[in-house]
Amino acid sequence: MVNLSTNLSGLILTNPVIAASGTFGFGKEFSSLFDINILGSFCTKGMTYSPRLGNPQPRIAECKAGMLNSIGLTNNGAKHIAEHEFLAIKNYFNKPVIANVCGFSAEEYIKNAIIADESPAVGLIELNVSCPNVKQGGISFGTQTTVLFKLVNAVKKAIKKPLYVKLSPNVTDIKPLAKASEEAGADGLSLINTLLGARIDINTRKFILANKYGGYSGKGIFPVAVRMVNEVYNSVKIPIIGMGGISTAADVLEMMIAGATAVQVGTANLIDPFACKKIIEKLPILCKKLGIKTLSEIVGSAR
Amino acid sequence: MVNLSTNLSGLILTNPVIAASGTFGFGKEFSSLFDINILGSFCTKGMTYSPRLGNPQPRIAECKAGMLNSIGLTNNGAKHIAEHEFLAIKNYFNKPVIANVCGFSAEEYIKNAIIADESPAVGLIELNVSCPNVKQGGISFGTQTTVLFKLVNAVKKAIKKPLYVKLSPNVTDIKPLAKASEEAGADGLSLINTLLGARIDINTRKFILANKYGGYSGKGIFPVAVRMVNEVYNSVKIPIIGMGGISTAADVLEMMIAGATAVQVGTANLIDPFACKKIIEKLPILCKKLGIKTLSEIVGSAR
Amino acid sequence: MKKTLLTIKSTLKLTDDVFKTILEGDVGTLKAGQFIDIKIEGFTLRRPISICDFDKNSITIVYKTIGEGTLALSNLPNGQRLDVLTGLGNGFDSTKIPANTKISLVGGGLGVPPLYCLAKHLKGQNINFDVILGFNSDKEIILLNDFNALGINTVVTTADGSYGMKGFVTAVDNKDKYVFACGPMPMLKAVYKVSNGGQFSFEARMACGFGVCQGCTIQTTQGFLRVCADGPVFTKEQIIW
Amino acid sequence: MKKTLLTIKSTLKLTDDVFKTILEGDVGTLKAGQFIDIKIEGFTLRRPISICDFDKNSITIVYKTIGEGTLALSNLPNGQRLDVLTGLGNGFDSTKIPANTKISLVGGGLGVPPLYCLAKHLKGQNINFDVILGFNSDKEIILLNDFNALGINTVVTTADGSYGMKGFVTAVDNKDKYVFACGPMPMLKAVYKVSNGGQFSFEARMACGFGVCQGCTIQTTQGFLRVCADGPVFTKEQIIW
């Protein structure tokens, strides 16, 4: 028997596979396809205080090795989500979920984090300071160390549950931002969010996204994610949830060897709704083949 | 008849397709496969003043949508290159080439640029301030605007041929670096160089590259390249040579619509040595289909 | 929704760039107005295509080769197996038709296929209706014979007048009718404005197709709704135009 | 070098994870010690594999399913066409053999296949030589019957002693001999140290395989040389160890 369990600042997952924010809704659609309790956990769609429609259509563009999205944090607002979506989760998922929390000001981040903190469904809070699709807020918090430090510090003080900061890959050097988060009290880090990209329709010469640029995710970003997870692993002591282009059990191991204590699977869910299930079923088989008895022992073992 | 010609600061190319630095050698191997005079031009391997073996083996890693390299500027030194490789080019290529020039200090960059400037084979100089595979020099010049400004300014004063600065995508904001280059006198810009990435062998838990991290190129970086070319197009007035993951004629058009006056094809050459030939043959057909009579008119037409 | 493997039984060329493909296998429970989402080898995202016809173990789709994906689909050999999500979307709802109202099915271009499925369904329920199909020109007409074969009175309009009435589908008076419409946005909008009420089938760029990514979400009178899961069919009351 | 389309004629399983595939088509001009670079659908880079045997219109390769690429290759059906670069690398050079010197071909594991090609070639020139093949165990022995069929005196060593001599290929005395060696790096190094002179076939991670990317470049006594284009065969004089 391979031991797949992993520990995110006290939140014990039976296996390291978490469905990524924005690609799993609130889990309900998937629960009608398979028993999603097999997941380590899942991360809910980013929430803001006020409901948001998000960016204009179209907001999806295909790429050869992934996709662009410019959703722009479509959500019904933190309160509604806590009172409806979070509350309903227990009907189909019996583990704590990760709440992805956004904001346009420090005050809003704090308000939303508190709402998540108080929801019994939530086991861990992921602070999204890296959404490339909203102009004010979001990304601007995630690219300057001092701004980031203040935000993380303030949120950490306001909540009880473990706080993970989700970092952007669209930076010259991710390490200082990781360190600033750690020093500000973050219990862990999530990376990477999407790379900023664009696609243009050569027939119409129009950007495919109404918003022009969007977040690039999927297989094509995997090598960048592995590098950044490893860089950050070597810079901080807190656990890392690694993500970016993971679509197989082998990818999960590679990301963990690079330094991730757990992983998130995003775009793969959209292409194959059974992606997480297949990965989780393959993991013990692959571990056995490689002689791995306790999966958590490989974390950061790259040399 | 579609007019494919394009103008890089006075250097007129019969078509916009240039083979990218480091993926075409000095053209000789390709010239034995097809008449490389069909190319707009090609860009030679990055040269330093002293000969360099480069980084330890292995220095190639495969990715799902591209590859990593950690070559580290293997070359025989600028003088040897000018006296041998550059001199031999006329035997198989009758247009001016682009010389990719590197360095570890401003003085070295200048020395190497002068050597290229004085070579009759060279029509344009591409200043590589973005090699992710050399520690000192290279990339460190390409991430700070003031350092970059000084370097470009000094090199520009020392040479007569058009000077293009090749920028790195591994930055939070590429626009200030593009503007600094322009203000320093650069005649144009080349972008993007490779994204920094890593791959790990899950069997041995060793990085595949001896150098651990390397430059990620190929199809997977295309959406990032399109976005950056467009960002820079909107920030400067000088022409841009766009590159990153181009493998089809449609990719060429998309990159030009984003803002590129010409393009470079890199990794695609390594996978299919006839890649440039196929693209160049397809270009007029595709233009005709889309009603494009003068290709250069589409540059930057994205909306 | 169901994830299933379907086998290409046949692919027929209807016009220069429109193909009809029959897929066989365990198709799941289906409804007119729903769509399927097809994984085509070599492409990242699935391709959403409306159900044009179905029975217990087959689905017929009619699609235009817009880009590389649909082109590749049209070139796949018979016998090829495809990974497909079926039964996506809400579909048309005939129970919402108000009593004593005339019904009109209005389709434009590649909006016609799902209406064929609906027509068959309504016919099966002995509901009477008119059909108005709009195309650019006679060369682009699709499925007219199939509607005729159902014994349905079908009016055709062409923009260039090369067949039927010259003009757009709005040339036909639908003021007092409950419409079921599918076609390009401008057509839907025009029909919406002159119709009494009805159901309108939308399109959007989709990533998942089953309601989890918010890629397709639009503003409606009932809040943010997902074209893929809450639509693609929206009632006149839901739409904000 | 030649870019060509070759058709898989047959694939035979030699051991648990080693396969022999025959490719047919316009193979170009070939030489023992050269390699081919195969594009396998779904993988970015080509896979370099030594030529184990060839004739006017076929190439035989013998390869181990190390990872996903070679595994996929081994599973391709007969008749499948492959995009291949052939005639890559310098190959072994029998004209460099010093006069009146005994010759030994030393192969380890998957280094054995190119030596079969060389053996056949030398045999055709009536050059005499010994062959020493090293494997981990009897289960991993490949091509022994083929060498025997050429009527060549072949010594086999196995690390675990399960067949032939127990030990490594260096257990056989090659001191006065000119060697042609191919195998893992540690073996090559060991053979290099005890040999009089010879030619050693190298491996490296390659991107292009035809000399333009510098991915495979190593330091030699003659400067920077590319394993793919200046090698893969290097003489004892060129190697720095």
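Which chain is which? They are A, B, C and D, in the order written, and residues in each are numbered from 1.
The definition used in the following text is that a residue touches a chain if its C-beta (ideal position, glycine included) is under 8 Å from a C-beta of that chain, and two chains touch if they have at least 3 such contacts.
Everything numeric in this text was worked out from a predicted model, so none of it was measured.
Trainee: Treat touching chains as neighbours: how many steps, at the fewest, connect chain B to chain C?
Mentor: Tracing touching chains, the least step count from chain B to chain C comes to 2.
Trainee: Out of curiosity, which chains are bumping into both chain A and chain C?
Mentor: Expected: no chain.
Trainee: What chain is the most remote from chain A, judged by the mean position of CA atoms in each chain?
Mentor: Result for the farthest chain: D.
Trainee: How many angstrom lie between the centres of chain B and chain D, each centre taken as the mean Cα position?
Mentor: Going by mean C-alpha positions, chain B sits 36 Å from chain D.
Trainee: With chain centres defined as C-alpha means, what is the inter-centre distance between chain C and chain D in Å?
Mentor: The separation of the two C-alpha centroids amounts to 59 Å.
Trainee: Averaging over Cα atoms per chain, report the distance between chain A and chain B in Å.
Mentor: 34
Trainee: Indicate the whole-number Å distance between the mean C-alpha point of chain A and the mean C-alpha point of chain D.
Mentor: 47
Trainee: Residues of chain B that touch two or more other chains: which are they?
Mentor: Residues 63-66, 219 of chain B touch two or more partner chains.
Trainee: Using the touch definition from the top, which residues of chain D touch two or more other chains?
Mentor: Chain D, residues with two or more chain partners: not present.
Trainee: Touch graph of the chains shown: is it line, ring, star, complete or other?
Mentor: Line.
Trainee: Which chains are in touch, pair by pair?
Mentor: Result of the pairwise touch check is A-B, A-C, B-D.
Trainee: Inside the complex, what are the residues of chain C that reach chain A?
Mentor: Going by the criterion above, the answer is residues 1, 3, 39, 43-46, 83, 85, 204-208, 210-219, 223-224, 229.
Trainee: Would you mind writing out the residues of chain B in touch with chain A in their complex?
Mentor: Residue positions touching the partner: 63-66, 68, 143, 170-172, 195-200, 202-203, 205-207, 212-213, 216, 219-224, 226-227, 230, 245, 250, 253-254, 257-258, 290, 298, 301-303.
Trainee: With touch defined as at the start, can you tell me which chain B residues reach chain D in the complex?
Mentor: Spelled out, the residues of chain B in touch with chain D are 22-25, 29-30, 32-33, 45, 51, 53-54, 57-67, 69, 71, 74, 76, 208, 218-219, 267, 269-274.
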